[in-house]
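What follows is a set of structures to go through.
Note that chain A is present in both complexes that follow, paired respectively with chain B and with chain C.
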Partner chain A sequence: MHSASLPCELTVQSELGGRAYPVLPNPPDKRGLRSSTPQPSPAPIFGESKQAEPPHLDRIQQQNTKSAKRAPPTASNMAHVATGKPVGGSKEQSGGGLRYPTSGKTIYHRPLNRSKTSELSQASFAYLFSEMISYAQKRVTGIQDLEKRLNLQGHPIGLKLLDLLLIREPARTQARPLNIIALLHFIKINIWQHLFGRQADRLEKSSNPDTPDEYMIIDNEPLVNAYVSVPREMSQLNCAAFVAGIIEGVCDGAAFPARVTAHSVGGKEEGEMWPGKTVFLVKFQPEVLEREALIGKG
Partner chain B sequence: MFSSLITCRYRSAFGDWLATIFALIIINKAGGLIYNKTFHEGGLNKISTNDYLVLAGTFHGVHAITTRLNPLKNVPAADRIPASTTLAGGPGMLTRPEPSSGLEVLESENFRLQCFNTMTGTKFLLFTDTTQANVDVTIRRIYEMYADYVMKNPFYQLEMPVRCDMFDRKLSSYIRELNNR
Partner chain C sequence: MSYYFAIIGTQDNPLFEYEFGTSKQGGDGQPRFSEQARHLNQFILHSSLDIVEEVQWTSNQLYLKAIDKFFNNYISCFLTAGNTKFLLLHQPTGGGAAAGPGGNSSNTRSSTSIGANPTSAATEEAVKNFMGEVYENYVKATMSPFYKVNMEIRSLVFRARVAAAGRKYL
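What follows is the complex of A and B.
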């Protein structure tokens, strides 16, 4: 082969090397060769598993028409064009796995405190949250189900936030909260301050003696609901279930397993002052209270 | 003295309220009525929902016609564009100006109708008293509220009637504030 078709060979090796496909100077029929033009299908993030299986036929044909035009007109390539067989040419070097930015710095290379004081546009969050709700609304059976899904979307955020915010604390106060009150204060102050730029409005303990495991975090106007008007037929729904999921994640991460739900109470108690007032009901598991009682005695 | 001042300000010789915003109508890009709200009773005659739909559709048509009204203008020779950029450049040439954006204000003896057409073709019609000032500012503020509380609402479907409590609430309090000033 001549020097003109060398890039072609290189790509075949880098992509198919170590796999069952034979490395040939000329590509085998109907095998996955990726041209450097943008593909209609999403680029694989975890490329290894996707590339191992033979790609789909119609995708290849689409690529062939594209790559045939771009391939250098060597004798062997011309022969392929004439017979209608695939010809590949590619300069893409990333064979698979995670894709790195050109600077080589991923999000893990950044200093932890870098985004400590940065703020996001509320409008872009509103649109994102709107799509998250639309996404959660697909194939749900009821409002309970929808709230459950929003809760699940928030849960991993809470787990990670607990670690992030604790590590940002000065070394003396990096300890995890050890009792319920400390944990709830951490949520009310640190988590709220980080997420919404202010503290939660109130923290209450259930006054009902039957439910000593219930605590309430009260937010008069949750930021996530700033632009959300729930339709009348779904009046039970409170989209702050997403925030409830975050709280639940924090509680679970701190080893205080709990169920957290969001309830709208606006317009019932204190008039129309806070129509979007939301109570996050934190219900701890029995073992948490058991442990709490033991610590109290000690 | 003070009370007479107030009367002067709010009552004309006919006993109508002055400086009042009467109603708002929002028309989607297809000419369908998606929102209507009356803020002040008595300023305008009440019409049925069906009539509102007809009104919205009719206005949409009229607005479409006004955007096509694009008369030829006789431009003096000095202001004319150089002949190289135009195809037929004779003396006293007729040039067609940029098409207009359509009807903006409709004024009658009793009310004033201001139309605000957004980039996407949604129209906001505000019915006010003839003496109402800064209607364009008001209507832009309403557009902002629409962008916030309707377009960012996950439960709103595009081009469908607006049923958003939050939008209703914010709009009412804003207009109430203006009407009581």
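What follows is the complex of A and C.
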């Protein structure tokens, strides 16, 4: 009987006491619970507690033992929590400023290589990614706009990945990419390996003499598109625009400003081997090529 | 020997600065810049950004060594992959005058020490190690989901880590 309400009580308690951070605005929920103790005295339901005075602990316990089954656990049991040891942090709050985790460990105490080989469930990523797409899809005017937003979501990831993956390299081979080829190799090998667990399939330079600033990174089967089926009327859309944003972030961060877009090239004919084949078109700004020519000379 | 360390973002915007003194040879870790020099330091450091931009395309190393000199001030530069610059200005104080009472015995050695000769291989190595440690902490700072590139680094933990690296190597 009583145990029926117990789990709830426990979760509330652990919720309050066992937070990683002494999150400060705890008074709202705590106070809210405490002040709610007197009012929702289950008088109308049970008919036995007529008074609305602040609950006495032993009376609550009596109540619980008598009519615990339907007793709303939040009302009565919270009294234990509220009178229990104060949830840490109210002191720090009055001082304002920085908050530290109760363990004293900050992001600076974590080794950078710990999660080097750990992997993430693809299902949870797919779920998150679908939410990201529907978030980006709100109030967009067209497919280009939607791709632009996905691109923007990826951009900061690329900027940060650049430094993270470089510092994870062995110290002897740590080198900043100085030319386009070195940068694209870094993307094809290191970035892809980190994000998708394999290298990109091909790297190509545009054979069109009018566009020497265009390079292509080709992925036969982009991981992010694994569970994405694009409706027919939006066939222009390729959700790997998110990955294109990551690539763009890497290029921008390394001082090779570029525009990167994702294009589906597969699915044109029946029985194709890679219907989801995607080309990431990297178009560098003119100043990058100019500098490239100068460095090549020097 | 006094040091002035600054992190400069990709838009030439300062993200972090820290002044300290040597802890080697009995130094107490306090900077010995005059009040006037402290203002000047920022100018000297930022003026070397032009040289950084020239040097950065000639070497693919992260640590670019001592790149600039202004009278008695030497500037070492470390460039991250994301084009954030770590600049360290070091100002040797002549003849170990800043060394504390315990530093007298080491005066004979100080000509080869880190403090006295900013361009020696030993100094370069020490600065490189210092920069490497700061780089690691900088990357950790950027890993925070609330940190965006080119934001000022306000973390006190970060500052303490830089100070510790300074004590350890310089």
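Everything below uses one rule, namely that the second predicted complex is superposed on the first by the 191 of 298 C-alpha atoms of A that agree within 3 Å, B and C clash if a C-alpha of one lies under 4 Å from a C-alpha of the other, contacts with A are read in each partner's own complex, and residues count from 1 in each chain.
What we mean here is this: a contact is a pair of C-beta atoms (placed from the backbone, for glycine too) under 8 Å apart; a residue touches a chain by one contact, two chains touch by 3 or more.
Because the structure is predicted, anything quoted here is derived from the model rather than measured.
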Fit-or-clash call for chain B and chain C when the two complexes are aligned on chain A: fit
Which partner does A:F129 reach: the first (chain B), the second (chain C), both, or neither? first
Scan A:I191 for contacts with chain B and chain C and give back first, second, both or neither. neither
Chain B versus chain C as contact partner of A:I246, first or second or both or neither: neither
Regarding the shared-chain residue A:P275, is it in contact with chain B (first), chain C (second), both, or neither? first
Please determine whether it is chain B or chain C that touches the greater number of chain A residues. C
Examine A:L146 and indicate which partner it touches, taking first as chain B and second as chain C; both and neither are also allowed. neither
A:P231 in the overlay: touching chain B, chain C, both, or neither? Say first, second, both or neither. first
Quick one: smallest Cα-Cα gap between chain B and chain C in the superposed arrangement, Å? 24
Sites on chain B touched by chain A in the complex: 148-149, 152-156, 163-167, 169
Which positions of chain A touch chain C when the two form their complex? 98, 106-108, 110, 112, 156, 159-160, 162-164, 166-167, 171, 174-178, 182, 253-255, 291, 295, 298
Once bound in the complex, which stretches of chain C touch chain A? 10, 56-58, 60-62, 79-83, 132, 135-144, 148-149, 155-158, 161
Complex contact set, residues of chain A against chain B: 123, 126-127, 129-131, 133-134, 227-232, 234, 239, 275
